[in-house]
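Structure below; questions to follow.
All chains are identified by letter, namely A, B, C and D, in their written order; residue positions are counted from 1 within each chain.
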Amino acid sequence: MQQLADHLIASGLFGAHPPRDLIYALIIFVLCLVVFMGIAFPFAAIVTWVERRVWARIQSRVGPNRVGPNGFLQWLADGVKLACKEDIIPNQADPRLFKAAPYLVMIAYVLPWAVVPFSSDLILADLNVGILYMTAVTALTVVGVLMAGWASNDKWSLIGGIRSAAQIVSYEIPAGLSIFPVVLITGTLSMQGIIRAQGWAPNNWFLFNNPFTFAAASILFISALAEGNRTPFDLPEAESELVAGYVTEYSGLRYLFFFMAEWGALFIIGAIVTALFLGGWQFPHLSHSRVVMNVLQLITFNVKVLSVVFLSMWIRATLPRVRIDQLMSLCWKYFVPMSFINLIGTALWVAIWPDGNPVAGYIMAVLAFVVLVIFLRRVIYYLRKSRMEIYVSPVI
Amino acid sequence: MGAVATYLGNIRQTVSSIFEGMAVTASHFVRKPYTVQYPDRMPIRVQDTLPFRYRGILEVDLEICTGCLACERACPIDCIVIVAEKHPQTKSMVLSQFDIDIAKCMFCGLCSEPCPTGSIHHTTEFEGADFSLESLIRRFVKEPVAAYRPKKGPETDPRIAPILSRGMNFLTQWAQPGGEKPPADEEAA
Amino acid sequence: MSTLKTEEMTLNMGPQHPSTHGVLRFVIKADGEVMREAIPDVGYLHRSIEKIAEKVGYHGFMPYTDRVDYVCAMFTNQGWGMASEKLGGIEVPRRGEYCRVIAAEFNRIASHLLSVGTMAMDIGANTPFTHAIREREMINDLIEELCGARLTFNYMRIGGVGWDLPPGWREKALAYLDHLDPILDEYNSLISFNKIYIERLIHVGVISAEDAINYNLVGPNLRASGVKWDIRRDIPYSVYPELDFEVPVGSGEFGTLGDSMDRYMVRIREMKESVKILCQALKQIPDGAVLAKVPRNFRPPAGECQVRVESARGDMGWYAVSDGTGYPWRVHVRTGSFAAMGIVQKLSRGLMIADLVALIASLDVIAPEIDR
Amino acid sequence: MARWPPDARVDALSIYAKAADRFAGKVLEVSDAKLDPWMVVEPAAIVEVCGFLKDDPATAMDCLSNQSGVDYRDRIEVVYHLFSYRHRHSAILKVKLPRDNPSVPTLEELWKSANWMEREIFDLLGVNFEHHSDLRRLLMPEDWPGYPLRKDFVEPLEYHGISTTRESPIIRLDAKKK
């Protein structure tokens, strides 16, 4: 990005002797605005529609299909509706904290976008501690959620907030530990560095680098779901237990902020998993044009991220919710020890094969393919058994 | 050893059961939704798809009402009000009021059961929302009319005959106390 | 040494809470996530149906029985019908009895589907709920064709049923049962055998057989505690002696005997048994009348009686007193949910808040049945 | 059609005979009703009689299946339907109480299910159950006047300013009494 700014300044766009720092700031501001307003917020909104449609299909329903073509503009209608609603602040609530909490959650949502590597060049800031920054700022959510729960002065909200705090803080540990195997292999914390260390083919992804990275990827994904308050870990807003958890007392735009942050976090989850384990934007080198390659990479990255997002929606539609003690035991009894084993295993692996073991990549990719085939056979088995008519349609 | 086996067993069960569950949900991506998109995106009105016995809003065919008050007596919540008086000259029954409070009606069907001609019957209509309780009262008698008198033979009046046959058709749906099976069932069995 | 001051938290769960089926209220005394006690507060759906019975007469009370338990109204219909018939000494024609059994068993499946579906939803899985509701809709369609209503059936009359099976209905019903069987298996692999689901339910709200009897739990809740008791089999009524079916009991195969998972599994298995009963009943149904001759002005001789019907929520006791007039002197219904609600306070001690939701769902409490 | 095992009535009568034998003077009446025979017990002795029926292995009434109150205008009866899962027989006990301040000892100690059923009877019929652990209204609001299931109960026209009735909007043209 700095080269781009320098290039623009050199071209004389801003006059002969421009204030360099100010222009950097301006460019960053404009870029951020484009990324947040053009990508982050619409994504968070549109994904609600996608999720509702995916759910509906799984549940033999149709889902929202009235606003716009196939209900595509439902997110806009919902947003406008929520924005028009009265902003209620309970009498007994702590008004300052109550008002501030949604913004804090929103900030925690937009900050990680700075290091999301859309393509080899499209990244707001390729920090050399990119992935560390990512885990650090996503954890900010907990402050906002806890504030919301406490300030609402509602017992259900309080329980939701406390649950969320316990959950996010606990799952930071396995999530962090699952990043280390990748860092061990690549020796860098930079998002672009990690992606460049992988290839475009599945056998070169870190997911299939060795069994330990596969386990690490699974743990990272599940922990990320837990941090994002997604089913099966949606305890903070467990509808059937806590009414709506920490958002019980919120309404209107503030409520919208919480939910945009929650759904938008799906993209961040997808981006982390994709960058670390699924080869990021890596694409076969088909063209010498930098622009063409960047576009292809952008598409690749987004397809991978959206696949992960879709997976999390699908999981959400399938699984029930765990209980708080099971949530904790899952984290501390299963994920944390397994993460340590992964770490040690990967360290040994790297010690034995410092440049990686290409055979392992092939074997694991083939195994994954076999599992996929078994899965498809089960799907066909259930279709046959239910004797329901097959009806393929991408939208209805 | 047992603890380790339980530990690993838990992981295995979790993974395999989630695998199965995901397969079931995945199979629903290629199944047809069951939703009926009431009211606008339907090939035909939903009222026309409802079975004949559907107990919707009550309807009275005054042409064949005998003014016997059987429905008024049968109604457990007194939502039917009928005023029928003997005409001083002609000695025939004259209906001067037949009101049904649909707001009170609980669609139990007990009124249409004893009706001798099937005059009071349920329709398949169910969209009865209105703005006030008073407007939910169905008033069937606009001006006093003579009650229907069942004839000995078949009905000859061409105006009344189709209405009566529809009413009697409605009646055949009801189980006859101690009677034989209605003939309609024989052909199906 | 200073101690941290802690306070017991009083939580008010309901009457408007997503998982209190119907309108229930619990006053929860909680220590963080763990409950000290949950005190049920009922009565929000009290419509004084027993008093209404004294005002509307024997025939007229039939539609009101639908409202006693609107999730399985066939059984309340049947209970009132049987009580009146016992008072009046009326014999129901055999085809009428078969119609009753068919309608009631369909209703049992529908009720259990709703129960297991909402249970899954209370645990946090939304998909099984819609799948269960989808199947229930199909049953409702069938029942609608049979009696014209989807919820408050008013199908049965004193002395039989109000409508005979419509033409072609039997084939439709058999086709539906054929379709339901694999769907139940699919439902099992979707949610019942899910590890998270099992873990949420086992060892939660364990009721021993002694407690179950002492608290007068009935139906699936009693059977889940290992008591092999079913009114249909043990105090047979209607045509159940002619039908062959198993009585599923809780086995504790997943956790403890009598825990929430057992209650859930008993319902799942009962649906399968009901499918069996229905297939037999639809094949064996004889010809003949469906309604006995009962005068419109039904005046049973003075006396009193009690009948017990195995409803979807268990043994439903109807106690009716007649004084020889056209209006019952007193009617009392003892329902399954009423008994189940009485044990909640005892079971809730030491559970977590999330468990209370699972417990209520597993007891299959329907609020109107408690309050009547 | 066996609506009830044919020997149920015989079973019940033999149980009553046994109880009448043992508690002579406390069992006031054994009915010979055609449908479900019952036995009337002195209110003060109900716990004793029920305890005997529960603990005696020959009767072993382990379940209080139903408990209801009936207002007969001159008296209030509380009806106990006992049931034995072991022997599959049942018994019906009644106590007759005066309408003014009806009071009977609770059976909560014997069967826990009595707790709620007695609360319901207290709520709707105003029968006081002595030594009951938690005798509060169950279904009606705490401040509801009177006992709804009593025959002479008149529903108040309003409750906390809320009307309890709705006039029928239909006006009869002939103004006949209905």
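Please note the rule applied: a contact is a pair of C-beta atoms (placed from the backbone, for glycine too) under 8 Å apart; a residue touches a chain by one contact, two chains touch by 3 or more.
Quick caveat, the model's predicted, so the values are computed rather than measured.
**Student:** Counting only C-beta pairs in contact, which pair of chains has the most of them?
**Tutor:** Top-ranked chain pair by contacting C-beta pairs: B-C.
**Student:** From the centre of chain B, which other chain's Cα mean sits the farthest off?
**Tutor:** For chain B, the chain whose C-alpha mean is farthest off is A.
**Student:** Report the inter-centroid distance (CA atoms only) between chain A and chain D in whole Å.
**Tutor:** Going by mean C-alpha positions, chain A sits 62 Å from chain D.
**Student:** If you average the Cα atoms of chain C and of chain D to get two centres, how far apart are those centres in Å?
**Tutor:** 23
**Student:** Please report how many Å separate the Cα centroid of chain A from that of chain C, as a whole number.
**Tutor:** That gives a centre separation of 44 Å.
**Student:** Among all residues of chain C, which ones touch two or more of the remaining chains?
**Tutor:** In chain C, 127, 134, 186, 189-191, 194, 196 touch at least two other chains.
**Student:** Among the residues of chain A, which are close enough to touch at least two other chains?
**Tutor:** 58-61, 317-319, 382, 386
**Student:** Can you work out from the touch definition every pair of chains that touches here?
**Tutor:** Pairs satisfying the touch definition: A-B, A-C, B-C, B-D, C-D.
**Student:** Under the definition above, what is the set of chain D residues touching chain C in their complex?
**Tutor:** Within the complex, chain D contacts chain C at residues 1-5, 33-36, 38, 62-68, 70-71, 79, 81, 85, 88, 92, 111-113, 115-117, 124, 137-141, 148-149.
**Student:** Taking the complex as given, what residues does chain B use to touch chain A?
**Tutor:** It is residues 7, 10-11, 18-35, 37 of chain B that touch chain A.
**Student:** Which part of chain A faces chain C closely enough to touch in the complex?
**Tutor:** Within the complex, chain A contacts chain C at residues 55, 58-61, 155-156, 159, 163, 231-232, 234-235, 238-243, 317-326, 382, 385-387.
**Student:** Can you list the chain C residues touching chain D in their complex?
**Tutor:** 42-43, 46, 48, 50-51, 82, 86-87, 91-92, 97, 211, 213-216, 227, 229, 234-239, 241, 303-308, 315, 317, 319, 321, 329-330, 332, 334, 338-339, 341-343, 346, 371-372
**Student:** Going by the contact rule set out above, which residues of chain C touch chain A in the complex?
**Tutor:** Residue positions touching the partner: 9, 11, 17-19, 33, 120-127, 130-131, 134, 179, 182-183, 185-186, 189-191, 194, 196-197, 199-200, 352-355, 357.
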